[in-house]
Every structure is written in C-alpha cells, then in structure tokens.
C-alpha cells in the first residue's frame, strides 16, 4: 500500500478544459448601499485555464476562499459561468439543465467538498448509490444485478462489507466513510472526469492515504481524469501529476507537481510551501515561524489592482501594483509557469523586487529574496 | 516555559453517549496530565474520542453525552486543586473560561451570528467580573483583538462580516481574554490554508510565551503537532495509546498505531518516500474488540493483545520517565495515573 | 510493511487478526419504525386520533339515536338513556356528537390535504425554481394571505348554493394554503442550494425527482406541522361557520350542535350538556393533532430519531437531566485517589466568585 | 380626571331612585345616524327616533281595530273614500330648539316624502299636500284605507326650518336632531345612544324617565344575556326558553309580554310545483301541523303567538276580522282526517310513504336560512308532522341570500317566512295571495306571493277590500279572502308577529300588559314613546 | 435601489390584486343589499320599502360591473370609500373609524401581550426542557384547540351575571361617553378583561409552541455550547444567545399576526358584543354592504401588507446576516 512516484503517464487526450473561466457572484447590498447605485460582485474566479487529461490527476491548491471549489462547480456546470468556456473533448459545452445537463453529468462527476452536507440526511446510503446507478443506467435490470452493482461500488471505495453500510443513514457514518460514499456515488456514473473537491480533508492520515490510493488506482484502471482540490500540498505532491496554485480567484502558478512543490516560483506558492508544517525541520521553526504570511487575504469584491498578491508580497515591485501579471514560463521544467513579474526580466531590471512591498504588520521585515530567480525550497 | 507542575489532571475519565446498554463508550479510562505552560497535542484516528474528551472534561458535551466516571483535577495558580466534575453549576460557570477556555472546532458556528463581536467579547468580561467598568471592558476587548492581529475597528462587525481566519482569531482572542490557565483548541485550523494556519498558530505560541497558559491542541495534522507542541498524546478507540514529547514521538514512536500514523503522511520536502497506511478500518465503538482495541489491525499483534487491555504506563526505555504507552510490546515500568 | 498497490484497504488486514465487526454478518438494519410511539405524547395523540377516526367511520352506525329525531324528552340532563342529555327538540346530543364526528374529521383532513398539497406545490416550486416563477407564485400567495380567509369562506359558501361538506372542505383548503406556502418557500430557498441538492443535480437527477425526493423529505416536518395546523384551522373554521349559521350543511357536525345550543341559549338554560361536549370534542381532536405534531419532527429526521430522553435515571437511581452545557456526571465522583479539594480562591485579574465548596 | 368630563354625573345613580332606563336591541354596532326617514339609521334600528320625533297619530297595533290616538295632530278626518284627509295640527307643541311646531312643518314633511322616493319607505302615492292655518290637507289618487296608519302614525314630523337647510335629506345623518318629542340626543357612541329628557316645552307632561340609555348588542344571545343580567331593562328579542333564561333570573321583575298582531309567519308552499299545486294536499298538510309544539318548542312559548283560527288571523288582534263562517273554527292536529282526505283525493299510502296520484312518493324540501333558529326548529317539527301522513320532508339551510333569491324567484318547495303587517288583515293576505304581485317562476317577486298562488278571485277580493267605499264592502271582500285562504291553503299559517317585549320592572313600572294593552311594547316602534310616557318609578 | 423598487412594485401589485379580488368576490354573491336589509328586519320592514331603498342606495340606475369597478378606483384615489348600505348614509370611513379603535385596542393589545407572554413561556419551555414546563404544553395545546367562541361563551356563563364583576358584553358601561377620564377608562378595561382573556388563552399557545421548538433547535447550536463554555449565567445564555436567535421566525409571525388583527376576531366581538371592526365586517357580509366590505377589506389588505413590510424590515434589523443578503 504505497503511493509511489510512478512512471509518467503518457501525455494523453484532454477530457475537460477550462478556457478563461470566470465567475463573479453578484452580492446583494446592505441597507446603506441599497441607496447607492453601485452593484458589486465577488470576483471568485477570474480567467482560469486548466486542462484535465485522461489518466492524469491535476491538483488545485491555494488559500481558502481562492475559488477552488468554484472552479470545480463551474466545471461541473453547477454554476453558470460569467465568462470563458468549458470544453468537453474539445467541444464547447454549456448546459443549464434538463437532458443536456444530465448527459454532461454522466461524463463529468463531482465529489463535493463537505461530505456532511452533500449527502441527504433523510436517505440511506443505498438510496444515494442506487439513484446514481439508475440515472446512469448501471443499475442492471433486476434487483440482484442492482445489489451486485451496489456491492461492487462499495467494495471499490473499500467500505466493506457493503451490507454493513448500505442501510445506514449518513449521520451514522464517520466523516471518512461519508467521503468515500460521496466518491462512490460519483464513480457510479462511470465518468470520464472526476472533480474531487477536498475529498480527504476530514480523514486522519492513514485513512486519507487509503482513499488517495483508491483514486489513483481508479485513475489508472479506468483512465479517469481527476481534478484534486486540496489544502494538503504534500498529498498533492504525492498524488497529483500536475499542480496548479490559485490565489484570490486567479491561477498563479502551475506545473509538474514535484517541481511546483519542490521549487515553487510564485511568491505566494513559496509562502504556501514554506508555511506547510514539516516535522523534519522543527529545529528551524522557532526562528522563522513568525515572519511568514502576514496580511489578510484580499477582498474579492474589490480585488487589488495588478497582481492580486502584491499587497502581501515581500518582493512586490511598482509594476505589480498596476499590471496584471501574465503567465510566464519558468524554464526549469516544461510546463512550469507562474503569473509573476519577477520572471519578467525587463521588469526586474527596471524595478528592484521588494521595492513596492508592504512592510509587514508589526514591523516585521519581509524576507529578502536571495535572487530574482527564486530558489527552490529544498528540504533542509 | 514548560514546567513539570501540573495544571490539569484527567484521571480515569469515562465518557458515554447514551445510557445503559445503548451507551457508546467514546472515551475510556483516560488519564492525562497537562503541565503549566505546555502545548499538549492530541491526535488520533477520526472518531477516536478526541473532541469527546475535550468537551467531556469541561462538561460541555451535548446530550446524549454523559460522564460516567473519573475526575478532572484542576490546579489553580494559587490555591488548592479541585475536581471540575464535582463543581456545582454556579462554580462551574465561574470556572469556565476564567480557568479553562475552549476554542471549538468550527469557528463559523461558535460565534453567535446575531451579536457583534464586541458584545460577545464583552459578555465574558461582564459575566466573570461584573464590577469592571464598561470603559475598562472595552479597552480589554480592543487589547485582545489587537493581540490576535485584528484591527480593533472590527469590534463592531458581525461574525458573518469576518473571514474564517478572522473568526478563528476572534475565538482565540476571546479564549485568552480572561487569561485562563488552560486553553483547549479543537481542530481550529482544519478549514484553513496553511498560510493562515501558520499565522494563527504562530500568534498563539507567541502569546503562550507571554501569558504562560497551557494548551491542549487537537488535530489530525501530525506534522503540525510535531512542529508546534511540546508533548503529543495519541488516541485510539477512546483510549490514549501513547503519550510522549513531540520529537520523541516523531522520531521514535512506540505504539504500532502511532507508527502507522507517522508512516502515513506524505512529506512535502525531501525525497519522496513510500507511504505505508494502517490496514483495516476503525473499530466499532459499539462492538469493541477484546483486549487492545488496535489488535485486529496491528501488524505486531501477539497473544496477550487480544485478551487483556494494556494499561498506559511508562515504558522501560531510557526516556521512559517522560513518556508512556499502552502496548503489550512495551513492558510498562510504572502505570500512569 | 509491504506495499500492495490495490484499491482496497481492507484486503491488507494482517491474517489472523480478522475484524470482528467485519466477519460477523452485520445485524439486520433495525429501523425502529414505531419508535415514534415510544414518545408518550405522540402515543397519546395517536390513540386519541385513532378513536376519532374510528368514530368518524362507525359513528353513524353506533349512534343510539337518529341525531335529528325528535322525542318528548326535551332538554334532559345526561342519563343512562341519553348520555349527553337531549336538546330542546328532544334529540340525543350523544348521537349528534357521534354522527358529527365524521364530517368534522372528513372536512378537517380533506382541507388539510388540499391546503398541504397546494402549499407544497406552490411554495416548493416557487422556492426551488426561483426567478419569475417565484415572483408570480409569491405574489399569488401574498394575495391569498391578504384576503381574509373567514369572510372569503363565508362569501364562497354563499355563492355555491348547496354547499355541502366536501365543498366547505375544499373552500377552506383553497383559502388556507398561503401561510404554509410562504414558510415552505423560505425553507426551500435555504434547501435548494444545499450541497446534497446540488450533488444530486450533479449526479444527473431530474428536477421533479430532486423536488420530490431530495427536498420534500427534508421538509416533512414543516409540511406535517403545516398539515396539522391546517387541519386544526379547518376544523375550527368549519365549526365556526356552522356555529354562526353560515354554512348550509344539512349534516350534523359539532358546529351545528353548538349552533343549536347557542341559538337556544343552552348555557343560560342550564343545559350545559348540550354545549360542553362538542367543544371538548373539538379541543381533544386539536390536542391529539398537536401531540402527534410534537413527535413528527423526531420521527422524520433520522438524526433526531436517535436523540434521547431529557431525563434519565442512573444506575444508582439518581435522576439526572440531559441538558446542553452541563453534561451530567452519572456517578457521584468518589475517588480514592482524589486529592482533598479545598475551596477556591479567586485568582488573578479575573475574580471567580463561588458560593459553594466543591466536594 | 377632569371635572368637565362628560361622564362626571354617571356614577352616583345607585343610591337615589334610578333616573334612567336601559334599552337594548340586538342590532350590532351602529354608527350614528339620526335621520328618521332612513330605515338603516341608528335612530331607527334602536328606536330612539320615536323619542325625539313624533308622528301625527299614535296607533296601537295590539288593538288594530281601534282608532289611533291624536298625537301631533289634534284631529284627523278622512274622506269616506279615503282619498283625502284633513289634519288639524296641535298648537302647543314646540321643537326642542324652542321653535313652535306648526302645520307648515307637517306639510313640509309630507312634501318631503312625496318628492323623495328614497324617504317614502311605505311607497305611499301622495297627491296634493296643502296647508292652511293649522290644517293640512292631503289627497291621494286611490283609497288609502289600508294604509291610513302607515301614512299618519308611521312617518314622523320634522322641523321645516332645520330640514330645508339640508341639501340631501336622504343621505344626511342628522347629527343634531331637532324634534318635538320629550327627549333630546345627549351623546352617541359606537355602542348606542343616550337621550336626556327635555327641559320643558313638551306639549304633554314630561316623562319621569330622565335618561334613556340605548345599547346595541351584537346579537340575540348577548342581548338576552344582558336582559338576564339586568344590564338591560327593555328589549325586543327572541329568548329561547325565556322562562328559564330570563324570567327565572329574577321572577319578580323579569317579564315578557308578547301580544300578537296582524302580521303572521307561516309555511309558504310553492303552488306551481307538483303535487303541491293540489289544494287538497296542502290542506292535508295544514291539518297535521302541530302549532302548539311549534309555539312551545320553536317559539319558546311566546315569541310568535300561536295561530288558532283557521283563517290565519291571530287572537286577539285579528278577532274582529274573522268572518262569520270561520268564527270559532280553530286548527287541531288531525292526522286521520288528513289521511282520509288524501286517500279520498286519489293519494295512496304505501306503508309509511304517501304516493301522489301518479304513484310518485310525495317529498318536500323545506328551506330556511340556517341562522334563523326558530324557523329551523319549526321546520324540524313540520318535518316530523308531515312524516305522519307519509310525506318525506328534508330540511335545507341555504345561505340567507340564496334563500332570499330562491324565495323571490320561486325556486323553492316550501319555506317559513313572514308576511307584511298592518292595521287590517289586508297586508298579510296580500303578501300571500295577491295576483298583482305575482311574477313568473324565475323572475323575482319582491313584494309578495312567493308561492305563485294564482287566484284571480283572491286578487279581485284584495283589491276590493282596499278600495271599498264602506265597511260592508270590506267585510264581504274579507270573507272571500278568508275563504280562499282556508280552502286553498296557499300558505300554512303558524304563528303571529308579536309587538311585545322582554322587560324588567325593578325600577320602572307602568308597562303595557294583557290587562292594560294601551300600546305595543317594542322599543323600536312608534308606540315606544307612549310606553315611556306611562313609566313610573317602581318605588313611588 | 433596484431592490427597493422591486419590493415596492411587488407590494403594489399584491395590493392591486387583492383589492380587485375584494371588489369582485362580494359581488358574486346572489341577492342584493336591499333584499338583505328586508330579510334582516324580518317582517319589521314592509316589502313596500323596497323601492325607496333602491332609490336610497343609488342602486336604481344600472351600471355595469366594470363601470362600478372603475368608479371604485376613482373613489379610492379621492380617498373616498363610499357610503355604507347597512348604515346608510353613513360614510364607510366613519363606520370604520368608529370601530377600528376598539378592535385595535382589544385585539391589538391582546396580540402583543399574547406574543410576549407566549414567547416568554416558550423560551422557558424550550430552555427548561424536561422540567415542569413540559406540562405546560399539553395544557396550552388543549386550550388553543378550543374554539374561542366556545370558551368565551362558557366564560360569560360562568363569570358574568347580576352582581358579577365582569360585564357580559360591550366595550364600556352604557351611558358613558368615550373619554380619558376616571369613569370611562376603568369601565373600558373591565369590559375588555374577558374578551382579552379569551383571545389570550386561545392564541398564546401558538407562540409558546413555535418559540419552544425554535429554542430546542437553537439550543443545539454550537454557539450555545460556547456561551456555556464562556461561563455566562444561565439567564444570559438563555436570553441573549438562545432566545435572541430563536426569536426570528416568531417575529415575522408576529408582524403578520398584527396584520390579521382586524379580520381575525370576528367571533370574540360577536360573542362579547364588542363594538369592533371584525363584527362590522360580519354584518357587512350578511348585508352585502359592498362599500363597507371593500372598506374593511382595504383596511385589512393594507394592514397585512404593512405588516409584511414590517416583517421584512424587522428581519433585516434583527438578523445581521439577512442584511448582507437583502
């Protein structure tokens, strides 16, 4: 039972692709602003590009509230998008409901973030799974076949023996068990793409490992394309082929998982990776446990101009406050890019990194970047 | 910072859900000592009774929870120790928050949505020191918010106007406002990204240094615990199966379950290593295996495991005085409690 | 530890250490269907309701007299021959109450069903579909909320010449759905964006199935209490209408009895037996319905079904109350090793006042 | 609080002799309207208009055959053909504002009625109205014999100098009534009116009751409760089992007097519906109706005095009008007689069921609005009475409006209803039988003959009675009318209207009674003033 | 702004629809005001009066129902509610203003008391679940299921009578004139005791029940446990935390019940002969007094709508979360 760094899956067909995906949630105003005419919106997701390929896992990490779940829901077509396009096998698709939506659902399935909320408290596990099977015509023609299909599903997510769980209500299951039921439901559709939104967040590490193993196995056996959203960057490193980082509704970095986690390019990614607890460097903790990650996440209603990370960025340059950074190829590994002006040589030459950095709260000094080309946070 | 002086001693605590034959024994015979100024991490399988333990020792469990035995001895900074479980309702109210504050699992639901932050902070002060002037109270609230890094002008905000991280910090601030001796934190950062998590914990550690309270910190995130806590206790099936200084536990865990846990988490840095999970599934609290509840899943199980419940005790190792374990593999020198 | 890349975690169980819970055949899922009745209130309610329904069915057959038949025993107090006494025409009040049961129960339940169906249809549809549909339906229910129900019923029953019970029931049902529809709409609004609704949509459920099987079951408690409320309202309306002589129903119901009793000033005549039973019958019916309502919440929510009683007896015979915030300690702590615990001094900046010495 | 409170003098009347009388009517809340010509006014509904305004004559319906007493008119002379009248107006009456009441006021009042259909609620067709000194002469296009009291004893006289300033007398609420009566309006509230006796200037002795407190109760129940509690001393209301509900509460003082008058209640039968177009069947039905039961059980033994005479005329008011043929002929329940009469006419009894000539079972639907509980009880009794001759009756309780429409359009089978009343039996018979009022089925007959009783003879006789030049002509016409009524039974008379009241003589005595029926006793009728003028403190 | 306009448009539409319905529904009833008046006076009014009444009410000139509808709106825009038929020629506005104060005073105050009492008891019952307050529920349920006219009549029978403290009917002692003085006010209060008690008894349990249920739900929320953990006094937790949050649904119910004050008390007013508006409406229905009916319906419609608006606003004020969402 291992998550081994397995051989690179052959670069394969794109199943689901997001092109310039954007979602703004209009916000209802309060009494005071009722009177003003401004209509505002939460810029939850802005201009996101992403491709899910057969047999590959894309991890999506980022701060909470950065729009990860929104991306997943947009991909599942549960929200109408504000802008951009979703392509299923290269064909632009927009489905709102009805038959088209159901057709889409058979191919793209989603596992919701919160297994406490995504299972209907009044229905048994049997009901949930039976419905999923029925809808996608995998229920077979008689009860025996249905029973077999149900057992097979639960077996797949390692809820064995199935009889022990089939007739339970969600509240009788532990968080981990629910998460597995949710996964099983998604699998019942036999989808091509699976959007898994923090599918293992509530589990202790050992169970978490089991579920990820399961997904990996399914991916390999059924050539599933998986979007794996998580806060656990380490698991992204182990589980995902590719990792993308979001900050305040925007993609800030993407690349091969190992590269992104071992040599993060974007200052936010670096902050993220540095913040991740690591028992192997306890010794160093005391010294730098205080000077990271200060500042609040930005308001998504009035996002900062330019790079959305600039108010918190220790290496912000004047340009960062005005110009939206474009994805820039880093060059260390193919496909690794970051949306950061630090990698625009012209900019760095004109404006020293950190020249526009906010002084940290409490007078803490921002960490000095060693070089313009950021070092990879190799384990100490 | 850490002294060997105990501040909270949990002895043979038993907590059930429900009564009679229907009862689920969620916490069994737990003994645990919290020392002054230390951060005690509590980890373990989900459903192993961590939250139950935390709420049980302060008598905050919602029905059908009930404490079916044991005692929780509290040592005030000055004065004689007493048993929290036998306090009258009124005394208990006085004890709560002034001596032991809790940061609950979900900050979202911990704050009353219809009251301003200031009201909710003020409430505590008013309840515990009715004589304090409104002005002084207000000043104290501002101070607390500043302490947890929230600008005091957010005092008049409603909970929904704050982000999850801010709410979390408000709760931490509220927990510290009376300068209690013990702060219990139940998975305070699960929903947050690591940046925010670190920010909050960093502040907490800093505060502990300044104020000298003790912390019980519950989480699934072992790496976080290893990093932040002084000692770690591991729970399994309602019992504490191992308890040791953080580094000692990380480097050299004695109980097979702890080992399994440590072997399961992926490391972010360093070479990719093989991850070994723990086979099997968590025990059914209603039908606990006989003997050591971990034995059906334990790769090292041997004869006595299935028969007798191993007692938690100091093992016969060089550092045995500072740690304890409940496992037949490790002969116990001296029982705990 | 060996590394076995398989999909199943369980296969990895070390041999010999089989898990007891896994190997034993799982116990048949015992859903305690009649748990509901374990609740004293609900059981009482059900029993009373059962009696009413029984009489609604058999009342006319078991009634000792024809409720309209005159006799020479004018205004007789209760006796062996006339359990509830007689009217000014010598009619048997007991028989009138028995026979009247049917229409009351029928009208009450029919109106309740009609109103519940309408309120569910309109409220849930408005809440789930939103948009223009919602606006339209909300306006409709607001209009119905604004129109005063009782006068409307009076008007409608007078338009329809031969207003029989069925009609009265329908009219009451059609005029009393709006309130519940409002409640249901609000409730649906909060449900429709719940993850499990979205999840079943994402699974590919059809809209009607989502409404019917995902949302409705979660509204059961609201619908049920709405239903109970409407039934009580309908019964009271029906009786009120009969009492003020608006409905022209020729059949007996308790309102008719009260109408006659009041028309003849039964109380002032001292003929309390004529006036009191019908009122009590109504009150008990309402009480039974409310009692059932109490338990519906618990019954329909699987989570609450397992919630325990509030008062319990411990092994040592003490009664402890289960309450939020103060978890009961079942055993009086008597620890041999407990240190002596003296009274506590207030400490530090936060004075703690305690009246009692802890044991 | 303040000394000038309008209620300041109200509380201390318990000690000394009572100076006020409480009067009630079960008419519901009434907004203030003192217009005496508008039937909907509070002055009419509560009856206090008769205390403020006065008619020319005071007529006693209990003794309809007796001539009316002169009141504001000192003398009234009808022409023999009753097509004109000469009125002498009393010269000592003054209005409450001090002005003198003159013949001009009388002429003005009648001209007001003449020119204002809305106020002329007896629909009198007036001719010329002229005034000359203290005389007023009125002419009419037709004989007014049957209407004479309506014209002179039912319309009140209003002061010209006040009313000529009113722009629309039909919609004026007459907030400051100025009348010739002994009382003036003191205050008005949503609950009723308070009247105070005049300081002086009344043409007779002022009444001893210093204050009249009128209360409008919401319905019969509250009214009778108030009577029983002693809160109200005088009212006209149906009290079920009045002996126990009312009298027994204070047997010494709580009294009920219910004299019958020339207006009756009975079962109208739709004479166009088969088989009820057959007079024999109707007669048989008439024979089995147990009027005593109805009187005792439905009318509480007093409210609608039992009709005994087969002519439908109540005793004693109608006694003088019963024709020689029917003198002493009274109703009695005769089931056997009815049955034999039916079988003789071709009907058959099949067990308990009566079958008509074509062999169909005879059934009848009796209907009346639900809230009229005395009628409902009556119908229940009739239902069981008819069952005795095999007629299966069902009682229906249509809504009042529906019932009303049904009655007028003739879509009913049988129904209890009242007739008009008046100084002679003409009004009541006209309501039942006048062909002039008949409308085809489906068209609303508003004025009467709801049963579509088609008898040219009756129509002619009614017309003859109204226009007869002398008593002999009238007597002959009436005999014909009564004969048709008895033999054809177009309506089965059951009870009479009563003009009595429930009253309390604890504080005030001098009420009319069987031994001294000087007036009717309803507080809302013209003679109410006569009653009040007769009242004396009980302890004097 | 748009939201506000939308709300206003919504209310205007509802008002229009309700008023239109209120206009047409009464006119669907067979019969007409004149006939109703005659039957109301059963023999006391002769059938000859028919013509004069038609003339009086202005019903003699036939206008189509649409013409009448337009006229009605014209009148409404001039603030004129027309003349009542039953009390012809009293203007409807006068009839209404004469009785509305009584209704508002009796039912309004009682509704408010009932709400506060019921909510208070509900808080107690929900908070002290498992104590004696549990016994409260069956009793109040029983009382709330009793038809209140029945309760009122029993009360009249048992408690009033010669020499009793309680008067059996009316709003004040006959002969008094409404005024703020030491005679009228005590009399008015005395007269309102029984009807108020009747309304109170039969309506209070609704509030108790809904409040109790909400309390039970809210009591299991995390922030209640937190409040306990904070060591707050039981009172403080019960009131400021549990009750404060549980109150929300009750408040909107309360606002709506204020709207129903006018229409909902017909029977109390009938039974106690109380000079209120509900009873007027009942009379108007019986008499087919269209103008009066419409007038009262208008009052009801407007009060319900205003109450709705108040409920919206109250919610906005009481629940900060809704402030965000509108």
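Every chain is named by a letter (A, B, C, D and E) in the order it is written, and numbering of its residues begins at 1.
Please note the rule applied: contacts are C-beta pairs under 8 Å (C-beta built on N, C-alpha and C of every residue); 3 or more make two chains touch, one makes a residue touch a chain.
Just so it is clear, the model here is predicted, and its values are computed rather than measured.
Visitor: Sort the chain pairs by how many C-beta pairs are in contact and tell me the top one.
Guide: Top-ranked chain pair by contact count is D-E.
Visitor: What is the chain whose Cα centre is as far as it gets from that of chain A?
Guide: Farthest by centroid: D.
Visitor: Let me check something: if the centre of a chain is the mean of its CA atoms, which chain is farthest from chain B?
Guide: D
Visitor: Between chain B and chain D, what is the gap in Å from one C-alpha centre to the other?
Guide: One centre to the other, that is 91 Å.
Visitor: Can you check how far apart chain C and chain D are, centre to centre, with Cα atoms defining each centre and the answer in Å?
Guide: 53
Visitor: How many angstrom lie between the CA centroids of chain A and chain E, rounded to a whole number?
Guide: Using C-alpha averages as centres, the distance is 56 Å.
Visitor: Do you know which chain E residues sit against two or more other chains?
Guide: Residue numbers touching two or more other chains: 29-30, 153, 156, 220, 225, 227-229, 270, 324.
Visitor: If I count partner chains per residue in chain D, which residues reach a count of at least 2?
Guide: Within chain D, the residues that touch at least two other chains are 221, 225, 228, 369, 372, 400-402.
Visitor: For chain C, jot down the residues that touch at least 2 other chains.
Guide: Only 1, 3, 9-10, 12, 21-22, 158, 244, 262, 268, 310, 322-326 qualify.
Visitor: Quick check: in the complex, which residue numbers of chain E touch chain D?
Guide: Those in contact with chain D are residues 29-31, 35-37, 39, 41-53, 55-56, 83-90, 94-95, 98-99, 102, 153, 156, 160-162, 164, 167-184, 269-276, 279-280, 283, 286, 288.
Visitor: Would you pull the chain A residues touching chain B in the complex into a rising list?
Guide: 1-5, 62-66, 158, 174-176, 201-210, 213, 231-235, 237-239, 258, 261-262, 271-273, 275-282, 285, 289-290, 292-294, 296-297, 361-362, 377-380
Visitor: Taking the touch rule as given, give the residues of chain B at its contact with chain E in the complex, in rising order.
Guide: Counting only chain B, the residues touching chain E are 55, 58, 60, 62, 89, 92-98, 101-102, 104-106, 109-115, 123-124, 127-128, 158, 160-161, 174.
Visitor: Help me check something: in the complex, which residues belonging to chain E touch chain B?
Guide: Of all residues in chain E, those touching chain B are 220-223, 225-234, 236, 240-241, 244-245, 318-321, 324.
Visitor: For a test of understanding, state which residues of chain C touch chain D in their complex under the given definition.
Guide: The touching residues are 68-70, 74-75, 88-89, 157-158, 161-163, 242, 244-250, 259-260, 262-265, 268-270.
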